[in-house]
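Listed next: structures, encoded as structure tokens.
In the two complexes that follow, chain A is the common piece, with chain B as its partner first and chain C second.
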Partner chain A sequence: MSEKENNSSFIIPNSAFWSSVWAIVWKDLQIEKHTRQIVSVMIMFSLVTVIMFNFALEANLAAAREVATGLLWATILLAGTLGLNRSLAIERENQTMEAILMAPINRSAIYLGKVISTTVFVLILEAILVFIFIIFFNKPYWRPQVILVLFLGTIGYIAAGVLVTSMTIQTRTREVLLPVLLLPLSLPLVLPAATIVSSYMFPQLPELAEIQTPLSLVLVYDLLMLAVGFLTYHYVVES
Partner chain B sequence: MIQIKGLVKNYGMNHVLRGVDLHVRPGEFVTLVGSNGAGKTTLLRIVATLQQATAGQVTIGGWLLPQHASRVREHIGLVSHQALLYGDLTAAENLTFFARLYRLENQQERVATALKTVGLLARQRDAVSTFSRGMVQRLTIARATLHEPDVLLLDEPYTGLDQDAARLLDDLLRRESANGRTILMITHDLTHGLNLCDRVAILNRGKIVAEVDSAHTNPAEFLELYTEHTRRREKRRKRPVSGSGSSE
Partner chain C sequence: MELTRLNRNVRILNWAAFVTISIALLIVFFYAPTERTMGNVQRIFYFHVGAAWVGAVAFFIALIAGASYLRRPSKKWDTVAVASVEIGLVFLTMAIVAGSVWGKPAWNTWWNWSSVRLTTITIAWLTYAAYFMLRGAIEDEEKRGRFAAVYVIAAFVTIILSYLSIRFVNDLLHPVVVGGTANPQTGQAADSLQEFAPGVESTRMVLSLNASVIAFSFLYAAWMVNRIRLQRFMDEASNLKMRVVSRLQGDLS
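This part shows the complex of A and B:
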């Protein structure tokens, strides 16, 4: 046997690591291109949720506009669990995760690849949701600051979600277990993120100092979850 | 190439492997036969770096497992009764994905060559979910050998195959063996087990109970040997437990 480069125990990502990450992302995007089963399911679920909510609060438009930001985040979180479940279920069917695990790649690359591809799917959903919310609730969700916070919130949520889904996907009660574990875990992220988005819904934009604390919480959550996932995914998929 | 010494695997109080010793030489084709629950799949999964042993030693090409699992992975390929392929991707996309994971050079060329070798080049743009069981199994072999591993591990590869598909698989395995690949196959199909390989080992209740050179053993003799070993063990298992606790 020849001694090729061994990168599976490296923590510092090198070109081989990013090549593995891209392979996972490319594969997930190809599957979605053929099936469209992740994004379409999330969009359908979100549309139904928003329409039902809109009917429920039809009599009180002011109240609907008041809670719109909360509804936006709740819809993203719930639709996100569907996307996460499907994204990891693909690897459970036909046990393809075993074929991936047999490849000489860093397990963190699998994690990062899954985070990136699932984030792409949820960002597509968010683009559509933002458009719908602007029409339904007539609020300025188009502001770049709002888009940035949605993006940062999505990264943290998916970073935590891929880790939790990878743990629950082998259980029989995975559909129930995922939201039960993930939604409470997402609270420290969603509360400050929703606070920031709400503060940009008024004509008077907030000063940076006003959103500094919630923004720091969102960034810390993102970094913490990515680091935990990066460092522990090896144990999650191999145990 | 594959050296297994005193391999033990327990799942709690369930002792699946009870000290397996097996040596597979470079280029050799060894078949491991045994009844259901003998520990065949567990043994193969440990060699494939997908599980860790409770005790004992496994080395592949001189690399000790699980310490050097990442190095070993570059040199092994696994064909299982599960396809380990994405049904929603085409045959070419599946192989391209694994070529990327193994960071192979000339990926498109290698994918095309692999598909041609298993006779699926014409179906390269079709989704794997539209393939027959035999075609899926041929693509599985292409996936497992794409990175030209030194060791090919086969876990019940004939499961669900009709006669024609099984014959095609035979031809592919003979070709891989002729190419000098070390092959370890587990099966409960005694005919295929004996016909293709250089050596057959019988695994029963977590131990290798017999090894025969397939060139010097006819199917009838082998069946007799297999029945003798497995029946003896079954009798021991079925013997009622006495109050004194003595066993043999």
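This part shows the complex of A and C:
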């Protein structure tokens, strides 16, 4: 069911393009509003992970505070794989992906829509995680700069995630394959992002020059991954 | 069948790789000067850099092959991509192992997570190793080629990021090839390559390094043609198997 005229990988986004992006986002948000299966699974999983790590580090609270930032990112990444799997598994279970592909919309619009909706779900998770981490570890995760970096990191992670999940969901091993592919692929993004977040954990704010390099690495990753996904997504969903 | 004999190009490249690697070995052991602070251990460096360089080139060629496959799907591009990723992974492993052997005397440890290069290269290694996991999970040949091509393009982002972080993140432990980093804390390791500043000794080192990079490039080319040839055998074998099966089924019915 490939409409050749819609398969061109490079298009200039116009208003029709954005309205189809918005339609996908709106659809996903509506489904989530009624079922609440993606966000709730991610939140439960994160809570279990954080509490489990608290037990593991209980003997040494200072050590727990030291690793809190790493733990926050690890939790987001792992919960993110669950959310990504769920978000695209829904499309397969109900064969809605086939229906979407039949519609005369550009595949890159589907990609962007999926990236935006999944990012929204992960951001909801992060809002809750930040709250939990402030309580558990007494660290200034509420700083706007930290929130901004979490946001930027999430975009890149989900940009890679939607692309990879759309492939793994069509393979034999499915859920098992996703973390193996996605976690190494997202590490070049997460390492600089975690570096920035850790540098904001002290009472004194870091100079802009200190975080300039990791911040530009995060931005470059975001842009590159979005571009790769945007240009190659229709090769992934075509059947 | 003509497939069973090495064709001329494969033979020439095999010999070229053998000869250049032998020459590079001679140069590294007899022409290159013994380094001032590190001594003979530093000679590993020529292989380390050669292998790392060819690894990056191999992944770049895989990227090109992947993009070409998406533009015009053909078995040929898929084979080139697989061969290049496979060989790139071998070279990257060689670079990591060689670096680790060098790191033991230089840093007094085999592994050091605080070195940005070591970390990013390990990430790249994992990313490309996962490429084979993806391929193994898809049965349909056309789909496998398509997904693998998309993945190999996405994976190259990790190589770009590795390169950028090596350039711009201040790595106190890993020496920079040209120039050198002066750092009192790890003085020995950092100083060891400062010879690369212009000087009589450093010219010989640069020449040795170039010889080793050229030799490794020939080795890569030779392995590529051999690996592609191997893939052709494998395809031929599975074709024959299919024909036997269909013939037998035809006989039975």
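By our rule, the second predicted complex is superposed on the first by the 228 of 239 C-alpha atoms of A that agree within 3 Å, B and C clash if a C-alpha of one lies under 4 Å from a C-alpha of the other, contacts with A are read in each partner's own complex, and residues count from 1 in each chain.
As a convention for this text, a residue touches a chain if its C-beta (ideal position, glycine included) is under 8 Å from a C-beta of that chain, and two chains touch if they have at least 3 such contacts.
Small disclaimer: the values here were computed from a predicted structure and weren't measured.
Enquirer: In the superposed arrangement, which partner chain does A:H34 touch: chain B (first), chain C (second), both, or neither?
Expert: After superposition on chain A, A:H34 lies in contact with chain B alone.
Enquirer: Which holds for A:V180: it touches chain B only (first), chain C only (second), both, or neither?
Expert: A:V180 contacts chain C only, not chain B.
Enquirer: Just checking: does A:N60 make contact with chain B only, chain C only, both, or neither of them? Give me first, second, both or neither.
Expert: So A:N60 meets neither chain B nor chain C here.
Enquirer: One more residue to check, A:N138. First (chain B), second (chain C), both or neither?
Expert: Neither chain B nor chain C is touched by A:N138.
Enquirer: Per the contact definition in the header, classify A:T171: touching chain B only (first), chain C only (second), both, or neither.
Expert: It touches chain C, and chain B stays clear.
Enquirer: Determine, under the contact definition given at the top, whether A:T213 touches first (chain B), second (chain C), both, or neither.
Expert: Once the two structures are laid over each other on A, A:T213 reaches chain C alone.
Enquirer: In the superposed arrangement, which partner chain does A:S20 touch: chain B (first), chain C (second), both, or neither?
Expert: first
Enquirer: Just which bits of chain A does chain B share with chain C as contact spots?
Expert: none
Enquirer: Provide the residue numbers of chain A that touch chain C in the complex, in ascending order.
Expert: Where chain A meets chain C, its residues are 160, 163-164, 167-168, 170-173, 177, 180-181, 184-185, 187-189, 191-192, 213-214, 216-217, 220-221, 224-225, 228-229, 232, 235-236, 238.
Enquirer: Residues of chain B touching chain A in their complex?
Expert: So the residues of chain B in touch with chain A come to 48-50, 61-63, 69-71, 73-76, 78, 80, 82-89, 93, 97-98, 100-103, 127, 143, 150.
Enquirer: So in the complex, which bits of chain A are touching chain B?
Expert: Per the stated touch rule, the residues are 1, 3-4, 6-9, 16, 19-20, 22-23, 26-27, 30-31, 34-35, 90, 93-96, 98-105.
Enquirer: Would you pull the chain C residues touching chain A in the complex into a rising list?
Expert: 70, 119-120, 123, 126-127, 130, 133-134, 137-139, 143, 146-147, 149-151, 153-155, 157-158, 160-162, 164-165, 168-169
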